[in-house]
Amino acid sequence: MPAGWRRARDGRVARRRAVRLSPAGRRRADRPTGVDGAPTAAGAGSVEGRDPRNRAIRSNLAGPRWADRPTGVDGGPAPDGAGQVGGRPGGGLEVSGLTVRFGPLAAVREVDLAVGPGEVVCLLGPSGCGKSTLLRAVAGLESAAAGSIRWDGADLVAHPPHQRRFGLMFQDFALFPHLDVAANVGFGLRMQGWPDGEAARRVTQVLELVGMSGAGSRAVGKLSGGEQQRVALARALAPAPRLLLLDEPLGALDRTLRERLLVELAALLDDLGTTALHVTHDQEEAFTIGDRVAVMEAGRIVQVGTPAEVWRAPATPFVARFLGFHVADAVARGGAVTGRFGALRAPGVADGAVLVVLRTDALALDPVAPLAGTVAATSFRGDRVVARVRTVLGDLDVQVEPSLAPAAGDAVGVSIDPRRVVVLPA
Amino acid sequence: MSPRRRRPPLAVLLALSLLAGACGGDDEQGAPPGPAEGSDPAVTLRLVTHDSFAASEEVLAGFTEASGIEVELIANGDAGLVVNQAILTKEDPLGDVLFGVDNTLLTRALDEGIFVPYESPLLEDVDEAYLLDPQHRVTPVDHGEVCLNYDRAHFDEAELAPPDDLDDLVDPAYRGLTVVEDPSTSSPGLAFLLATVDRYGEDGWRDWWSRLRDNDVLVSPGWEDAYYGSFSGGSGEGDRPIVVSYASSPPVEVLNADPRPAVAPTGVVEASCFRQVEAAGILAGTEHEEEARELVDFLLSLPFQEDVPLQMFVFPVNREAQLPALFVEHAVVPDDPLSLPVEEIGANRERWVEEWLDTVVR
Amino acid sequence: MRPGATSGAAARRLGARRGVSWLAVAAVPTAFLGVFFAWPVAAIVARGLDGGAVVEVLGDPGLRRVAWFTLWQALASTVLTLVLAVPGAHVLARYDFRGRRVVRALVTVPFVLPSVVVGTAFVGLLGRGGPLAPLGLDRSVVAVLVAHAFFNYAVVVRTVGGLWAHLDPALEESARVLGASRWQAFRHVTLPLLRPALAAAGAIVFLFCFTSFGVVLVLGGPGRTTIEVEVYRQTAQLLDLRAAAALTLLQLAAVVALVAVHARAQRRRAGALRLRPANEVLVRPRGRQRLLLGGNLLVMATLLGVPLVSLVERSFASGDGYGLASWRALSSSRRGSTLFVSPLEALGSSLTYAAAATVISMVVGGLAAFAVARHTTVAARGFDALLMLPLGTSAVTVGFGFLITLDSPPLDLRGSAWLVPLAQALVATPLVVRSLVPVLRSVDVRLKEAAATLGAPPWRVLREVELPLVGRALLVGASFAFAVSLGEFGATVFLARPDRPTLPMAIVRLLGQPGALNLGQAMAMSTILLLVTAAAVLAIEGRRVGEVSEL
């Protein structure tokens, strides 16, 4: 197992615990990360050990059909090989120097990005930042003005989409309206020339995997949003793409459904060990699904890291603000930063103008804190309350124990934990 | 739904398309109704003619049997169109013999030199009056007269005498009774215009037409809508009892009725008839001039000449030919029809048509 | 050198390859139009072309009058046809009622009748003594406009109805929920969405009326002629190629101008419509809808039904009563003459020619439509415009052009039976393109992308996604092409061999001689023609292309 991948998996399982999976259907109940949320012994490295059925699917999905066949050859099914997920070390997707232009406008500028085998990377950014364009370029749907897109070292830039063996799931699913559910899911298999019987078995398997057993003969026009999402995912997964591209796959769904499916999707990608590039504008989604997160701003990737790294240490004011953190002007002098929030210890920071990122976990209500304000509003979030406090810095969202929640209009103080702020150069 | 069920119609469609694309490339093989390519007799002559040319298959077969010459018909459009096609393609002629050029169209064809002369020995049985060209570049084959026809029943009921002369048409008693064809779009219309030019002279015909116009004449663009649409006699469904048609129309009315009446429902105004002579000529550039002469002779021979009345509803020029009983009983052959020299028609036709349009229509 | 540089070059190569594939798709239609339209027409125009003639023709007040009449009667006919037929398109696209498919097929029938048959039918109805004489429409412009509406009703029903049948009713419903009245919802939501189809239908109807020949002559009365009639007179009768060339150029200029306007209308709408399978939007009419349906069926019965019924009625007229004499005569009278053609043979020729023309126009028009629909470049728009030109060009111009161009190997087609379907396909191809392009443009591009990422190469995307999605439009285009080929007269009469006449040719031949039996036979053959047309349309459109046959 490549070291990088193992690290990624470890990170993921650790996070899973925090997400608190809810059992959703029979398949979910099989999951070892289930009830108590603790990582099982097998959890970190070997998904295969757990569920024979899943392993069978996985060996098909990630097996030699996609992975080892020469590009463009359209033969019959290859015999199942070992259920190995990963490629060679240094394999997977490697994008370098990629630029995509629409006329004079560069929507993606000199982007470098790698997705290791089995890894899930989320492209996170506001709408219009170029993340979807980058995804489409990887899929081959936009042509690159410069740069390379490699898989296992082989440049795919000149390959049309159908030769890349990547799967793409669209935001609005783009299910074929003239085909029923089974035919939609089986589409990629037919393109590969699978014999009907084998393809039908695979379709059944994959539909079961996404919780749509028995829906094969339904018309796609009659499906609910969540069902469409599952079918779209099944369709993308069925041909066992070597890379799964997901373009805001939950963006078209309502909030409740979105949150439930988000968890399911994360678990499924994990189960299958799928290598995936996932585009979203929603940080919660990115942090839930991604082993690593790449934040994009105006066509460039400005930070790449695990969700924890990005959250803990936003690399630019843009990233910080995008994550909902307050960014304040300050001046550093002699190991301390001083701003309208007061003075904070900041050992090792060079003297001069700086920006201070106040992470949400750095803020707490404290009657004696020097930064005073008035509670403008509170919102109840179950296990906590978020108080919006109007201060000289502007509005700050502070999390409070429900039992200690202030009322709107209360005069409060806001304390800042200097260990949880990030100092960036101005 | 299984994918399999979706395949056949599309596959068929695509296969058809591909097949069509492939077939489009090659010439005659697999063509839809391709030209008959029978066992090759000595020579096949292409007879270029108008689309109302007709002959008994038996008669044509007799010619082939006797001469060993196969005749292939090429008929695209009316006589004017055919003559003009022949002129346009004179460098690379469409056929060997052209049949159907008449005295209203002849000048241009002769000027363009599309025919080579041939004097058939059978011309000795043809009255000189039918000879259109002293150099024999064309040979007369048949004649038909464009005449006013009238609805016998109408005039009987109305207790009005049928018109006897062109003058009657501008008489107020005949107001609103006449339908004519536009000479700019119709061949009988043009012949009737020429009839009036002959009858009233270059100085008088326009005056006659403006009086006819004042007498509520109806102008139709073509023979079909004038006769079927506006004429009341015979098979006409309109309400005007006088129409410009042919001397042969009454016998044809009898022929094409079930049951056949004893007397034709329509009559002919003899004094209004204008003679059209149809001729054939050997097209310059033919590789089979010898056989083409044989074909011209055949057109003048009795079997073809006696076939002409019931096939094309015109009269033979060969004085030896017997008319069928139907024509003897119901047809009128005017003794001294109106007529104009070919050269005069050729020189003035377009001007007369323009002047007619100015007088009657505009 | 950065690795990106080579990849950039590869990407550019890829782009170039996509350009090449577009060229390849467009090559077949371009070659077809080039050889069978542009070359012959250019050759005949070149024969007569001289600047003086153009100036002379354009300066002639008589011809200016003809040009003006041609233009305004075509515009007025188009407006009248749209006004009468758009509601008809609506009810046939949206309402589920017994006999809907048969009505849809029947409205196509007028389209194929020879104009001389329709002319005599209208004259019989409107002329003095006819049942509709009191309307006073005999030899009037109104009669011309009504007859044009009669002929072209089907164009609107098919082109506009084809798209309407797939518009999501939710769009209009949401407008209604937002407080729009029924009319406002139609005006502000449906109408703009339908615009490409309306523009296409309008353009086709306009071109048919612009080049109208027989109808204007027979019904318009003397002195009302179109440029088309003048082209015919100058070419076919007077062989004045100078004037003919100038008039042909005038026609072409008018068509190009029209197509430019049409292309603008097409371009305004970008993005895909959410199309729905037609069977999902069908409703059983209730309340006011029943009234609308009834009203439209009444319009169809009056405008289309009365002339057709009178035609059938006359085929049974015998003496003062009714009988089968004409029908019996069809197979017996004139047997043994070179002019004799049994109705069965004529039907056979008609069907063979029309089938060949349909296949040619589906291949040529289908490829052209895909090329046009996928690209919005200037070149693609120019190509789109070029495709419409044959509709606005006189058949006699094309026919004479064939004579002087297709006369030497490798294209020695003079006298070849192929000329007929080729000429028919010239007229049918623009109709195929116009029926397909709006629907192709509204296919969601993401469906094609989804198929590509699932491993489908471009031809399979076409085969598996686009074709099934536009299957309905393909069938509509095919039946349209078939019908127009069955009815094509101007070029067919010019090119078909006399021993293999088509049904319209046989009908016109019968009308060339007097006699009740002849008239009756002509009407009987017309009845056969209309029945066959209706049956063919039903058969073609009844086929299911893919499971989504109603989409």
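Just so it is clear, A, B and C label the chains in written order, and each chain counts residues from 1 on its own.
Here, contacts are C-beta pairs under 8 Å (C-beta built on N, C-alpha and C of every residue); 3 or more make two chains touch, one makes a residue touch a chain.
Quick caveat, the model's predicted, so the values are computed rather than measured.
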{"item": "Centre-most chain, if every chain is reduced to its averaged C-alpha atoms", "value": "C"}
{"item": "Most distant chain from chain B, judged by the mean position of its C-alpha atoms", "value": "A"}
{"item": "Chain centre separation in whole Å, for chain C relative to chain A (CA means)", "value": "53"}
{"item": "CA centroid of chain A to CA centroid of chain B, Å", "value": "85"}
{"item": "Cα-centroid distance, chain B relative to chain C, in whole angstrom", "value": "32"}
{"item": "Set of chain C residues in contact with two or more other chains", "value": "468, 471, 546-547"}
{"item": "Where chain A touches two or more other chains at once, by residue number", "value": "179-180, 190"}
{"item": "Touching two or more other chains - residue numbers and ranges from chain B", "value": "1"}
{"item": "Chain C-touching residues of chain B, taken from the complex the two chains share", "value": "1, 5-6, 9-10, 13-14, 16-17, 19-21, 24, 27-28, 31-36, 46, 49, 51-58, 60, 73-78, 80-81, 84-85, 87-89, 92, 94, 108, 182, 184-185, 218-225, 227-230, 234-240, 245, 249, 252-253, 255-258, 266, 311, 313, 350, 357, 360-362"}
{"item": "Interface residues, chain A side, partner chain C - complex", "value": "96-99, 110, 136, 139-141, 143-149, 155, 157-158, 160-168, 170, 172, 174, 176-180, 187-188, 190-192, 221, 235-236, 239, 245"}
{"item": "Of chain C, residues touching chain A in the complex", "value": "2-8, 10-11, 13-15, 275-277, 280, 444, 446-447, 449-458, 460-461, 464-465, 468-469, 471, 546-548, 551"}
{"item": "Footprint of chain B on chain C - complex, ascending", "value": "28, 116, 119-120, 123-124, 127-129, 139, 217-218, 221-223, 229, 233, 235-239, 318-319, 325, 329, 333-334, 336-339, 349, 352-353, 355-356, 359-360, 362-363, 366, 396, 399-400, 403-404, 407-408, 412-418, 420-421, 463, 467-468, 471, 474, 493-500, 505, 508-509, 511-519, 543-547"}
